[in-house]
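Chain IDs A, B, C and D follow the sequence of writing; residue 1 opens each chain.
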Amino acid sequence: MNFKHKYMFLLPGLLVLLGILIFPIGFTVRLSLSSWDSFYPGLDFIGIENYIRLFTDDLRFWEAFGRLSMLSLTTVFLQYVIGFSLALMVWKDIVFQRFFRVLFLIPMMTTPVIMTVIWRTVFHESLGPVNDFFNLFGMNPLWLSSEILAKFTVILVEVWQWTPFMFLLLLAGLLSLPKEPYLAASIDGAGPIRTFVYVTFPLMAPISIGAIIIRLIEASKIMDTVYVLTSGGPGTSTETSSFYIFIKGLREFQFGYSAALSLTYLIIMIISFTIIAKILVKLMVRGN
Amino acid sequence: MSLIASKLCLKPDTEYHLNDVCFEMSKGEIYTIIGRTLAGKTTLLKTIAGLIAPESGSLTLDGADFGRIPVWKREVAMVYQQFINYPHLSVYENVAFPLKQRRMPKVEIRNRVMRALSQVGLDGFENRKIQALSGGQQQRVALARSLVKEANIVLLDEPLVNLDYKLREQLREEFRNLFSAKASENSILIYSSTDPVEAMQLGGQILVMDEGRILQQASAKEVYENPNSTKVSQITNDPAMNLFEGTVADGKVILSAEIHFELPQHCQALPQGSYIFGLRAAAISLADGGFPFTVELSEISGSETFLHLKHEHVQMVGLLDSVQNFNIGETVSAQFDTAHLYAFATDGRLKSSPYGGLK
Amino acid sequence: MGLLYSTLKYLAVTLWSVFVIAPFLWAISTSFKDFQSVTNGATYIPWVDFEPTLEGWRALWKSPAQGGVAIVEPFFNSVFVTAAGSAISIVLGTLAAYALSRFTFKAGPIRNGDITFFFISQRIMPPVVLAIPFFIMLGKFSLLDTLMGLILVYIVLLMPIAVWIMVDFFNKVPREIDETALIDGCNPYQAFYKVVLPNSIPGIVVAGMFCMIFGWTDFFFSFILTFTEVQLLPVAIVALNSSITPWWSLSAAALVSVAPLVFVAFIVERFLSKGNLSGALK
Amino acid sequence: MKNSIRVGVLVGSTALLGSLAHADQWSDQFPHIKNTGDIAGECSYDSMSKKDYSGQKLTINTHAVPVMGEPTALHAEQFSALTGAEVNVIHTPAGDLYSKAMVPFQAGQAPYDIVFGFSNFIRDWKQYLQPVPAKYVNMAQMQDITQSHIDVNSWDGEMIQFPIDGDRHYLKYRRDVIDNPEYQAKYKAETGNELRIPQTWKEYAEMAAFFNGWDWDNDGELEYGSAEVMKKDDLMFAAFFSRSVAYSKNPRVKGGFFFDLETMEPLINGPGFVEALTDWVEATKYVPPGGINFGLGDEINSFGGGQTLFSFSWDDAFVKAMEDDSPIKNKVGAAPLPGATRVWNRDSGAWEQEFNQAPYIVWGWTAAVAKKSKNHDMAFDYLCFFANDANHQADIGIGRFGVNPFKKSDFVPEIYVERQGWDPEIAKQYADTLMEMEEGSTNRVFPLRVPGVFQFNSAVATGTSKALAGQLSPQEALDEVAAEWTKIVKRIGADTVREAYAIGVALEDAE
C-alpha cells in the first residue's frame, strides 16, 4: 500500500520529535567544539581539541566504558535468566498465580531514584538490616564501600528493579505461544527439558532478542542507581559512562568537554547496539 | 461496462510484480485468474482494487481512467484467502460496514445485510462475534460483505484455499451458484486460484498468469482444449500435463529409441523436426501391448491412483480411474491415447492440438 | 521428577517474592521510626523493636516550613505530566508506527527500518546529554518550569517507546484488514480510525503502560528543567535527601509514590490473564 | 498595632538575654520567635511589616529540608505574611545546588531571585550575582558578624554573598569516655599514653583505634572510633583538607597552601598532604562498618546517635548530639581540630619538628541575590530578615536547621545553657572553641575559591577515595590529583586561577 496519505501518519510524530531534538542535538555538536566551562560560558571555537583530549588523555572515560559494559551485560543477562525462569514458573499450574504475577511486576513500577534511596538504607553498613543479619555470623560485608561488593550491590538493585520488565515481556510471549508444537513434542515423547530446548526457546527467540536489546539500551544509561547508591565510589569502582559524563557536565561544568564525551558515547553505543543485535539474532535464531 | 488494462507494469522490487499485463473484461462474466503461487495473481487483484499503484500502464473502466480513482471510491469488493473480517465488530456490523460507509438509510442496510447473510447461509448469526465463528463461517461473512455492496467489480483471491477439503468442495458449489446469479447482474467477477479443477468448474473466462505475465486469456473450454504453450498446459492441468521431448520423422513420433508411435490424425500437418509433445495424465492407461515403464511412485487419492512412471529418460504421470496397488520398481505396460496428443514447438508454442488448435 | 520439580519451583518463587517485598517491608517499618529508632541499628517490628511514631507520615502533609515535604501538589503534577506526555506520545507514536508498518518510505539510503531506529535510538541518549541544550531551548521559549515544557521533553522520552511497541504490534496485525476497510469505502484516515484503532487497543494499552512507567519514574529531566511551579514527585521526594536524611519521611513518601503504579501492575496482570496483551507484546 | 517595639539598636549578649521569654505581639503571631520576641533592627519583624511587596513574587532555590531548607521555607512564610510578597521555595539536594543555579546562570536565565549555596561557589557565581548594597553592609546587624564570615562572603573586599550561617570544622568527642577516669587508667595501662582531648592526629588515631569495635557505653550496641565524611561526594575534600592543614600549613611559609602562587604548581602531592592522607587511610580501620561510604548525613547520624567516639566536621553532629531527645545529650565536647608534631616547610624542603595547628576555614552556607533578578530590594530584605537577630537566635537552637553561630553575640555560653539546657561547662567549651577559631588563630587556611573550584574539589575526591579504597597508595593518589590539577589550571588559564587564588592567599599571609 502506498498513498500520499502515508506522510500524514508518519510526519506528525517524526516532525515533532525532530522539532524538539534538532536544537539540542545541533547545539551539542557545536558545544563539543567549544571550551564552554563554568568560567567562560560561551561558544568559542577550539576545533576538535576536546576530542583529542578524550582520545589521548582521559583514561577514566574509557575505564568507565569498560565498567558500563560489564555492569550492563551482567545485569541484563541476570535479568533475562531470572525473568525467563520466573515467567516459566508462573506460566501455568501454580497456586496464587495472579498474586505472584502482580508481585513480580511491582518493582518495575517504582521510581528508581526513590527506591535506591530505600536500598541504600537497606544496605547501610552499620544501621541497615542486611548487615544486621550478617552480624549474626560475625561478618560485616561492606556493601557500598568495598570495590567489588559495591558493584555487586549496584547489580543487585538493578536486577531487582528491572527483572520485572523481562518477566512481563517473556510471560506475555509465553502466553501467546501456539499450542501445536507442544502437542507435537508431547506426541514425540519429549520431556520438559527437551521441550524447552527444542520448542519453547526457539519460539521465544524473537521476543527475547527484542527484550534484551531494549533492556541493554536502558541499562546502558544506568545513572539513578549509581547516583544515589555510591556516587560512583568507592574510588571510581562504580563509575559508569553516563555518570562520568554527568560529573564532567553538571558537576564540574565542563560543558564543551562533556558534549564531546556525550557524542562519542552516543556513536559508540549506536554501533555497539547494531552489532549486538546482529550477534543476538545469529545466536538465538540459529536453530530455525 | 468493461475494464481494460493495458501494459500494467510493476518492477519486482518487492514481493509484487506485474509485467506488461493487458486484458479486457466485461460485465456479467466470471474471470478466473489461474497461476502458481507468486505468479502475480494477488498483485493483479490488488492493482485492480487500487491497493497497489502500477508503475506504468493504464486501467480504464468504461473509458474512465481507473488509476486515478482512489481505492475507497472504486466500488470494488474483495475477499482474501485469509479470513479477513473486522474482529471488533459483530457479524451484522461487519456486513453492514461498507453500506454504513456509504451512508445508506438504516432500513435498507438492514434489508441488504439480512439478504446477504441468508445468501451465504448465515441466517441467525448476525449477533455473533467474529472470533466465535469457524473458518468457513468467517469466510462466508467476508463473502456476504462483498456481496452486499453490489460492487462493479468483485475480486476473490483464492477464497477457498485455506479451508479443509470437504468445506472447500461444499463452498465452491455454493460459490458457483451465487456467482452465476451474480454474473447475470452488473458486475465483473474476478476469481483467482491455483487449482485448475476449480477454474474449470467455475467456467467463464480464464486468464493464465505466470511470473507477472498473462500467458493466455480465453474461455475455460478453450484453455483446456488449446493451451497456447507448454507453461499454460502445466498450470491449467492437475497433475501437470506430461511433456516429452521428441521428434517427428517418417510419420512417426519418436520419444526414445523404444518409445515411438504413429503420428496421430490431427498432427499429420506437422513437418519433420523436434517438438515437445504433451499428453494429459488421463490419456495414459495400463494395458497390454503398451510400452514397458518402471513404477517410481504410486499415490492413491480418493478413488484415483497417480502413477509416476519412467522409461530411460522418459518420465510421466498417469492417472488411473481406480484404486490399485503397485510395487515400486515393478514394470508395467503403458498405453498412450495418442488421439489426445499435443505438440508444441521447442520454444513452447502450441503447434498442434486434438481440438484443432488456437482459435 | 514432578514432586522435586514443584518443590524447587515453589521454593524459587517464594525466595524471589521475599526479595521483591523486602525493601517495601523495610520501608514500611522505617516509615514509623524516628531518629532514635533509626540510629540504634536495624530494628524491624514496631512496639517490639522500637516505639512507632507517625512523624514520617505527618511530614507528607506538612509544608517545608514545618519540616515537611508537601508531596500532594507534586503528586498531581506528576500524574498530569505523565498522563499528558504519554497520551501525546501514544497518539503521535501510534500514527508513525502505523505508517512505518504499512507504507514504504524511501529517501536516499533511508528506509523504514532506519526511521524506526531513529525513533528508538532516542532512548540511547543519556539524559545528561540533552539536559543543557533542553534547558537553553526551553528558556528561549519561556517554557522552563512549566507543565508544557516538561511535556515536550516527555514526548522525546516516551514517543520512542510508543513507536517501538506499536510498530511491533502493527506488524502482527494482518494488513488485509486495513485493505478491506479501504475497499469498503474508507479513506486511509477512516480506515485507521474505524478499523485499525479499535483493533489495536491491546497494543495501545501496553504502549500506554510502558509510557506511564517510564514517565512516572523519570527523575533527571524534571529535576533540571523545573524550579518551583511544576515540581514532580520524584524531585520532591529526593529533596528529602538532605545532609541529615530523614529515613522515616523518605520511606513514607517512597511508599506513596509507589502506590498508584501498583494499580497499574494489577491492570497489566488482568490483561495478561485474559490474553489481551499477549499478542501485543510478542 | 506596634505597641511593644523596643527602640534602639541593642546587639549584645545582655540585650539578648534580657529579651528571653519576652513575649510580644510578633511572637504571638510567629511562635518561632517565642523565646526572644522581635528584636529591633533594620530587618526585624516590625521593620518588615512596614514594607509592602504585595503582588510581587520571590523565588528561592535552597537546600533540601530540613538543613537550611526548613528555615528558608519558614522565613519565607513569615516574610510573605509580613510584606504580602508571594515567596516560592524550591528544595535541592546539596550536591546539586551548584548546578541547579549554574545551569540557568549560564543559559542567561533568571528563574531564581535568591540562590543558596556554599561560600566557595563565589568565584564561579559572582559574575551572576548582585553585590550586597552598602545600606545592608553598613547596618548594625552586619556589624555583629565575625570578620571570618565577612571575609568568606566577600570577594576582594566586596560583599557578594549575604551571611546567614556560620560554618567551621572542629573536633567533637565523647566526654563520657575521654573524661572517664576508669578509661583513662585503662588507656594509660595499655598504651602508655594519656587519654585526653587529642592534640594531634596521631593521638586521635590511637584513641579512636583503642575505642573501636566494643561497647564502651554499655548500651548493648558496638561503638566505633570515628565518624567522618569519606564518601566520594561534594563534601569529601573538606574532610581531607581539615586533616591536612596541620601538616602542611606552615606559618613561616607564605605564598599559597594549595598552589605555589608564583608558579601555580599544585602543592597537593607534597609530604604534608601525603602524611594526612596516610593518616586518613589508617582511619578506615576505626570508622564504623561502611564508614568509608559515609556522607555528612551518615556522619551526623553516627556521632549524633552515639555510635562513635570522635567526629570532626561541621556543627551539625554536635548540635544533633545535644538535642533534647538525644541519648548522649551533655556527654559530648567540642575542641579545635587536632594538630601535628611536625610541619612541612616547602621552602626548605624539610620537616620542622614543631607542634603546629591551623584552622581550616571551611566554606559554609550562604545565600546571594541573582543579578538578573527583578526584585533586588525585596530579595535582600528577605535575606536580611532571614538573618535578623530574632530569627537567628531561634534558628541556632534547632539542630536540623543547620544554622550555626557566626555573630559575635552568638559566642556566649549562657544562650545555650538557658535556651537549650546545655551543661554550662560544655556550653563554655563550645563557645570558646568557636570563638577561638573565629578570632584567635593566626595560621588560618582559607578555602580554595577559584574558577572551576568544583573540578579541583572533584579531583581531590576522586584521588583520595581511590586511596581510601586501597586502589592507590597515598602518594600515587595525590600525584594523580596534582596532575589533574595541573591540567585544570592549564585549561582555565594559570593567570585566571592565580588572580582568584591570590585573594585567599592575601588573607592568609596578612596574619
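Keep this in mind: a contact is a pair of C-beta atoms (placed from the backbone, for glycine too) under 8 Å apart; a residue touches a chain by one contact, two chains touch by 3 or more.
Keep in mind that what you see is a predicted model, and the values were worked out from it rather than measured.
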Considering only chains that satisfy the touch condition with subunit A, which of them also satisfy it with subunit D?
C
Taking each chain's centre as the mean of its CA atoms, the one lying farthest from the centre of subunit B is chain D
Chain pair showing more contacts of the two, A-C and B-C:
A-C
Mean-CA-position distance for subunit D and subunit B (Å):
92
Rounded to the nearest Å, the gap between Cα centres of subunit A and subunit C is 15
Distance between the CA centroids of subunit B and subunit C (whole Å) is 54
Where the CA atoms of subunit C average out and where those of subunit D average out, how many Å apart are those spots?
40
On subunit B, where are the residues touching two or more other chains?
51, 70
Multi-chain touching residues of subunit C, meaning two or more other chains, are 38-39, 41, 104, 131-132, 136, 179, 182, 187, 224, 238, 241, 245
Spell out, as numbers or ranges, the residues of subunit D touching 2 or more other chains.
96, 103, 301-302, 307
Where on subunit A is subunit C touching in the complex?
1-3, 5-10, 12-14, 16-17, 20-21, 23-25, 27-28, 31, 82, 85-86, 89-90, 94, 98, 100-115, 117-119, 121-122, 126-129, 131-132, 160, 168-169, 171-173, 175-176, 192, 206-207, 210, 214, 217-218, 220-221, 223-224, 228, 241-242, 245-246, 249-250, 255, 258-259, 262-263, 265-266, 269-270, 273
Show which residues of subunit C lie in contact with subunit B when the two form their complex.
104, 174, 176-177, 179-187, 190-191, 195, 198-199
Flag every residue of subunit D that touches subunit C in the complex, lowest number first.
59, 61, 63-67, 69-70, 72-74, 76-77, 88-94, 96, 100, 103-104, 107-109, 111-112, 221, 235, 295-297, 300-302, 304-307, 316, 320, 325, 327, 400, 402
Quick check: in the complex, which residue numbers of subunit C touch subunit D?
35-36, 38-41, 63-69, 131-132, 135-136, 139, 144-145, 223-224, 227-229, 231, 236, 238-246
Of all residues in subunit A, those that touch subunit D in their complex
35-39, 41, 57, 60, 124-127, 131, 140, 142-147, 230-237, 247, 250-255
